[in-house]
Structure formats: structure tokens, C-alpha cells
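First subunit A sits with subunit B, and in the next complex the same chain sits with subunit C.
After this line comes the complex of A and B, so read on.
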């Protein structure tokens, strides 16, 4: 296996400048090509900082105290040139307002901006921008000014401007926090398409009910430390999970209260499985 | 209860000819109300009008009996507090405590009292350990909580939250929900915009559905969230807790009251 990991983090410890607290502490894990990995944790757990570290913004942009390594295809992110990095890894920031360059006047131009910088042919730019804007239901907004969009529309624009670059690894920090249910489904639909194209995905998300349907594994952070890196049902069945107060999918909570587990001995995390188990329990209790 | 907020025949457009709010008639009293609707439905626009930051293109808004056209944003601020969707629209001081004290200082003109109000508000959101930090060193979830504290410190009669649960973990979503209940109990008029239907179900008695600038329905949360036709027409989802009970059958409520 050794050299085939897409992402490999080795004992990463990081503190922001002037902070005596580690935002990340001794984090190590690997992600294989094409895997989709979720990150969960409480406010301030280090989720966003980990996203910044994966893309090299920590420590290139955010200085501070840094030790350990983040490797993309075996190469230290700190050593990868900017031009190469943008095609390798893309980050959708937690705050969409920070993502917009403002260098362009319309939604369309904002999305095309990154591709122009990469010197992509005009026809291809047109086709890629159009596809992305349509997938996110922003096509009708293409001639509008990004600063006149609603919060949710702006969040979609931030996602579009990264997706259009078609990076090999996609990192999304709470991409659906301001989206309605339709927008949230669109984003997850896109994530699942990307996954089927072999793109590696890392996703911070508090909407566990959606997250568990799409991820292969979950990284669980607490106060900068990695508590677990495992399948969702194992994470949400950890005996000490309640003490961390991260919560769980609503139906997992229900099954926990009723002490209903699946055949593998874990609390169900997916909707259909939880429904099946709850129905069975209901038949049992009716009898 | 008095109708502390009253909206009559409200129309609004940012650019001439294209109305984003169409003939809205609604009022608010002490019952906590959730506003739901798709992205771009004009929820934020609506609450910015209540706060007096945008003026109706046509129609009127009365706050405490005063028409917003005949008063100033500064006067309104004593009555209406708005937690912005985007914290960077709200935050402008370089220290947490200064940010939260700014509003109270303007209203109460008393440094000691304003400080007390600020500290209490920061305690309520769990940020009292960060009084001396720069707001831009806070995470997004903390900046959002800071904005909540800034509004609470002014003790306004009307408290409006524009998507308060953005970036919050489940623990803080529950905290914010409990805060809504507490404010309601203390006689405040609470209005909150959110996309989280389970949050609506858990903490708000009344729900308004905005759809493309129209007020589609207005009523009891329990009833509206059951009306799948209305929700579907407005592009909205039912709460997860309903989805699971309808898929499993009636027994959920029997085994596990919801």
C-alpha cells in the first residue's frame, strides 16, 4: 500500500501565531485515492484548520508553529508549486464571503476567473463554467454581481468556483451551511458524481444525516486531537461518544434510546437501515 | 398581546421593476416565529426591512406603533436587534468586548452598565473567556455567537436571528434553541430565519413560509410542517423526525414520544 495514498498526514501539530494552544495536535492518517472522508467535531475542534493544512494554506498563509508533514501523492504540500497545487487540491472555505475574489463583475466571470489564470482554452472555459453553474442552479444568476446574491447563492458560487477547476482532491468546509434542502441535495449529488469519477473528497459537515450516506469514513476531532478515524457507524457507536457532545444522526439517537443495533453490533446511522430496524422493533413490540 | 411588529402591503425591489417582496401582510407578537424558504426567497431582505436598514418600496412597517419611514435606524435599534447572516456585515470593532459594548453604550450611555450587559450576554453564548480577543481570530461559529451576544446586550424587545445555526455544532444549536425559548418566556418577540426544519419544529410555535417573495403560509409550526404539499411547493423538506415516523409508522410516537 505504502506509496499509493492520495493524502498522508504524519504527526501534524500546529498552533496559530501568538496562540499557546495547539489547533491541531499529533494528527496522523491516510486517505486513499477516490475515498470520501467526513470530518466532524465540535466548534473549535480544528476542522477548518485541518482543511487549511491539507491545502497548504497552513503554514504558507497562516504561519505559526508547525511540525509534522502533509503529503499529497507523496509530496510535501509545502514544496508543491502554486500552479501545480491548484489542479491537485481545491478548498471551499467555510465562509463563502472569503472565497469570492471580487476581481470580476459577474457570477459567470467569477467562476471563469480561476480557469483563465490556468490558461485553459476559451471554448473549454465556457463549457465548464456553464456545466457547473447549471449543476448548482446558478445559471440564471450568471450576469449578476456576486455581491448582490443572497447568502445561500453566494455559498453556491464559492463551491462553483472551486468545482470548475476539477482538482484531484476536493476539500469542502461546511459547504451546505446556508443552503436550502434543494441546494444541499445538489451539492451532495455533485459530491457523489465526483466520487464516481475517482476524485478524493474531504468534507466537514454538521448535517450528519446527509454526511453518513456519502462518506466511506469519518475523522472525529476534539480539541485539536483525532479521537477516531473510522466508519460512521463505528464512530457514532463509540462508548464515550456522548461525553464529547458531538451529537449523532437523529435516527441514530432514536435507536440508541431504544438500544437497537444492526447485525454488526452498531447503532444504525443510515436512514433506510434505521427505518428497517425500527420497523422490526415495532413488529416485535406489537406481537 | 400587542402587535409589536406590523407589516402592511409591503413591496420591495433592489432594482426597479423586479420585486423581491410582494405584498406582504403580517404581524408579530410575543410568539417565537420561524421564517423558512428557499435560497433567494427574500428572507434576509424582509428582516433587514424590519430592522429599518432597507426602506419599503411600497407599503408600511410599524415597530411599536412607529412607522419605520418616520424614524431613524438608531432609534429603531433600541427596539429591534438583528443578528446578521454574515457576521462580517455586523462586526467592526477589533476587540470582542468593545464589539458587544458598542450597542449598549449607544443606548444606555452608561459605561459600567453597558459593561455588565456585555459580559452577561457573552456568558450566555459562552464567549466570556474571549473578551480581549480580536473578532477575526475567532472561528466562524464563534463570530456568529459574538453577533448574538452583541444583540442580546442591547436587550431589544424584538430579537431577529438570520440563520443563527450556521456553522454551529449540535450542542450549540440546542443552546441557541434554548435561548429562543428563554427570550420568548421573557416577553421578547423572537423571529428567526433558518433552513433547519428540525430546529424549527423543536423551538418555534409559529412558522412563515416565504416563496419567491410571497408569503405562502403563516400558521402553527406543528400544522405547517405536516403539510407536505405546501412545503413541496415552497421547495422545502419535512423535518427528519417526521420522515422517520412516517416511514416507520405510528409506533415511533408510542415508543418514543416526539
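After this line comes the complex of A and C, so read on.
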């Protein structure tokens, strides 16, 4: 096949059991290795379903009407054994509390759980768990009960439990939705760390100001259909974006109001760029 | 740690024994005292169990457990001492109630059996983390699914209790009366049970996903993080 894409989705259409409505409809896109891609859209747009499809849980766990293909390194996720799949792609969900398996009573054991299931040798488990806990600043919490951690620490634990499996792709479905600003910052720092290690990242997020700082591209979904797949500034400069009521970064909103665009002809999405453009506009008006 | 169970953290040789070994001791000690209902056998196993609890430095906790059943023991002495069918030799009278030798001896055997059972299982419960016991049983052939159900109940039930407390607080802050007549309490119970059950069902689905993405359904040979010397295979 000779494909170099890490993830390739071809005409994916999916409907949950007992539902006439397609949760995803004719979705196609490709993600290159090491790319960080954001998914945005309103509630019910199909963001979480797309995450489940990327990880193979749709249709392996959730049955229903499924057509099209999700290819991971050129291989259909439906054909990949689960043992291989969990080490290739990891999923972090939005509720940190419900991602704790409840099968283990310390943070250390919780992180080791997936590796135990995979039959990894004990010494290697110890090495990998220690490395991940230290990288995510959870080592000091290793003997604590997971259920006694704060929301931010729980989400970090959920990420650690997935990262310890050393996946090549990490899918995060609104990982900061239940976190305060400190917890959100910590999660994004981890994402940045993973990105610099070359892990391909797919991230559903509503905190656009943070999202645009990290992603290379954005997938914009609306009622199960893909409206656009492009760079953040192009997505948030779409003329019809306001009609979809999906929102935008606050800096973009401000620049739209003042009709200030960057040199490429798009509204700025990142804080630093918006500040530069606003400063430039102020200097221009002073003159 | 908020986990259901009686485990007491200590670093002793008894704590380091394989959970299955301790389970086998508890079962054997209980079964033997039933098979050989004599005072000598009862005392022998009770002394052994108390000795092991002392080595494990959990004797104080064992005594607390034995105190709980001491009320039951008193009733055994009263009932057997007075009404045992084999009663023949009066021993003493108290407030016009006659106690018989045969009945009191029978009561000693029964109470020894009860104390022995508590002490033997006390070694298991007080020195073994529930998750370690389940892991050891899975290692020896118990289905991982059954093991998970038991382990998760021990972990998740206390969390459900704290969720229930949060829901009660939220309902109270909205003016729901929690005290008073049976009718009021029943209404409050309905207001609690709905959000608790629905919330738990939603969490259960996500927890199932969390297990799936960590390959809980693995058919390959699992690794067990903890190793007990007697459990090596």
C-alpha cells in the first residue's frame, strides 16, 4: 500500500445500534506521524464517536451500522488484534474518575494493570511504571489510593495508565473538561511533552485558547459530518463558522471584531500573534 | 485508604505469606474444629491462631473482632448451659436458673469453634489486602472477571457511598426533607436512588471502556506484579 499516514480514515459512516441517525457520516482524512490534531464541534457532533472509531472500540465494543475504513499504519483497525491495538493507540476519556479500573488499590498498581494484562515481564513493568509516574510527576503519589487523588491528578493517572503501554497514537477526548485551570495546564504540558517525543496526538477540546497553541490541524465536525480539516487559523476564519455556533478563541473573536488579519489573510488564533497584530494596529492608529 | 476490608498495614512474616496459604490455614483450622469437636483441638488451634496474630502485630485488632462476637458467646453459654438436650448433671444455680455441666461443656466447644474461626480468618483479613487475595486466586485459576467483580466492589462501593453523600447534600440544599416520617424518608430515598443508579450506570460504561483499552480481556498469560514465594509456579 505504501501509505505513510499514521491514521487514514476513508468514508467512515457509523450509526449506534437502535439509532436511525448516523453519528458519523462519510468522514475522510489523514493524519501524519507525529502530528497533533484537534477535533472541535458542538455537543452531539460526533467527536467522541470519532475517538472511539479511531481506537477501534467502534465497532469492536459498540456495534451498529459501520461502513468505510479506519486505517492505522495502513491496517484496518478491525483486523488488528486487540493486544496489538492497545499498544499502538491509547484513549483517555473525559471523566477521570470513571477511568480508574477499581481493580487495584494504589496508583502504582493501577498504572501497572494494563501491562500485567499484556503479560509484560515483571522487571519491565516496574521500569516502565516508574518512568511514567516520574515523567507525569506522580511518583510521590504511588502508594496512594487512586480514588483519593484530586481531579487533575486522577486525569494524569488516566494518561499515565495509557502512556505506560507506549502507544504510538494518543487519543484524548476532552481530557480537561472537569479540571480547573491548574489541572488543564498540567494536562497540556503532558500533551506538549508527548508531542515532542513524536507521539501522534488526536485531541478533543473546548478550551480553544489552549488547543490552538498545540495542534497542527483541526477537524471541525457538525452533526456527524466533517465540515473542514485544516489549520486552526483557516478553520476559525471560515465565513460560515459563526452559523455553526461552535465558538472561537477569545483573541480571534477580538480580532474579528476589529477586522484584524495576519499576513496570510486569516484571523489570528494564538495569543502571541494576536498581541502582535493588536500592537501593530495600535501603532498604526497612533501614527 | 478508603477500601472495604480489615487490612492492617505491617511489615511482618505473616503479611508476606501468600494470601492463598493464609486462606488455606483459615479453612483448615475451621474445618478441623468441626470434624473434631473437642476442647483440646479447639484450644490448640485457637492458641496457634492467636500466636500468628501476635507475630503479625494485629492482636489488638483481633481482640476488637472477638469482642463483637462475645455477645453471641454469652448467649451460647446461657442457652446451652440451661437447655442443651444432653443436660444431666446440675453444676450450679443462678437466680433460680440451673446450669448443667454437659451444656456448659458443649458451649465451650461451640465458643472455641467460633473464636477459632474468627481468629483464623482474622489472620487472613487483617494481614492480606483484598486485591492481593483476589490476585492470588486468579493466579490459581479463578476467572479474572469474577476476581475483578469482587475487587472492584471493595474499591467502588466506598466511592458510591461518598457519591450518595454528595447527592444527599445537593438534595438537602434544594430543600428536600431527609428526616421525619417514613413517607418523607421514602421520598428522600427515591430522590437519592435515581441519580445514584443512573450515574453509576454511566460510570460503569466508561469503566468498561477503561478496562477494554488496557486489554482486560487478554487471553495471554498475565503477569502478576506481586510475587509470593509460595505462589511461584
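Note that in this section the second predicted complex is superposed on the first by the 269 of 287 C-alpha atoms of A that agree within 3 Å, B and C clash if a C-alpha of one lies under 4 Å from a C-alpha of the other, contacts with A are read in each partner's own complex, and residues count from 1 in each chain.
Criterion: a residue touches a chain if its C-beta (ideal position, glycine included) is under 8 Å from a C-beta of that chain, and two chains touch if they have at least 3 such contacts.
From a predicted model like this one, the values you see are computed outputs, not experimental measurements.
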Partners on subunit A (subunit B, subunit C) - clash or fit: clash
Partner chain in contact with A:282 - subunit B first, subunit C second, else both or neither: first
Which superposed partner A:148 touches (first subunit B, second subunit C, both, neither): both
Partner chain in contact with A:189 - subunit B first, subunit C second, else both or neither: neither
Subunit B versus subunit C as contact partner of A:174, first or second or both or neither: first
A:76 touches, of subunit B and subunit C: first, second, both or neither? neither
First (subunit B), second (subunit C), both or neither touched by A:95: both
Clash-bearing segment of subunit C relative to subunit B, given 2-10, 38-46, 92-100 or 164-172: 164-172
Overlap of the subunit B and subunit C footprints on subunit A, listed as residue numbers: 95, 97, 148
In the complex with subunit C, residue positions of subunit A that touch it: 55, 57, 61, 82-83, 86, 90-91, 93, 95, 97-105, 109, 112-122, 125-126, 144-145, 147-148, 158, 161-162, 165
Complex contacts: residues of subunit C adjacent to subunit A: 1-3, 129-131, 148, 151-152, 155-156, 158-159, 202-203, 206-218, 220-225, 227
Residues of subunit A touching subunit B in the complex: 16, 41-44, 48, 94-95, 97, 148-153, 156, 174, 177-184, 206, 209, 245-247, 249-251, 254, 257-258, 271, 274-275, 278-279, 281-282, 285-286
Subunit B residues within the subunit A interface of the complex: 14, 37-40, 44, 85-86, 88, 137, 139-142, 163, 166-172, 195, 197-198, 235-237, 240-241, 243-244, 247-249, 251-252, 255-256
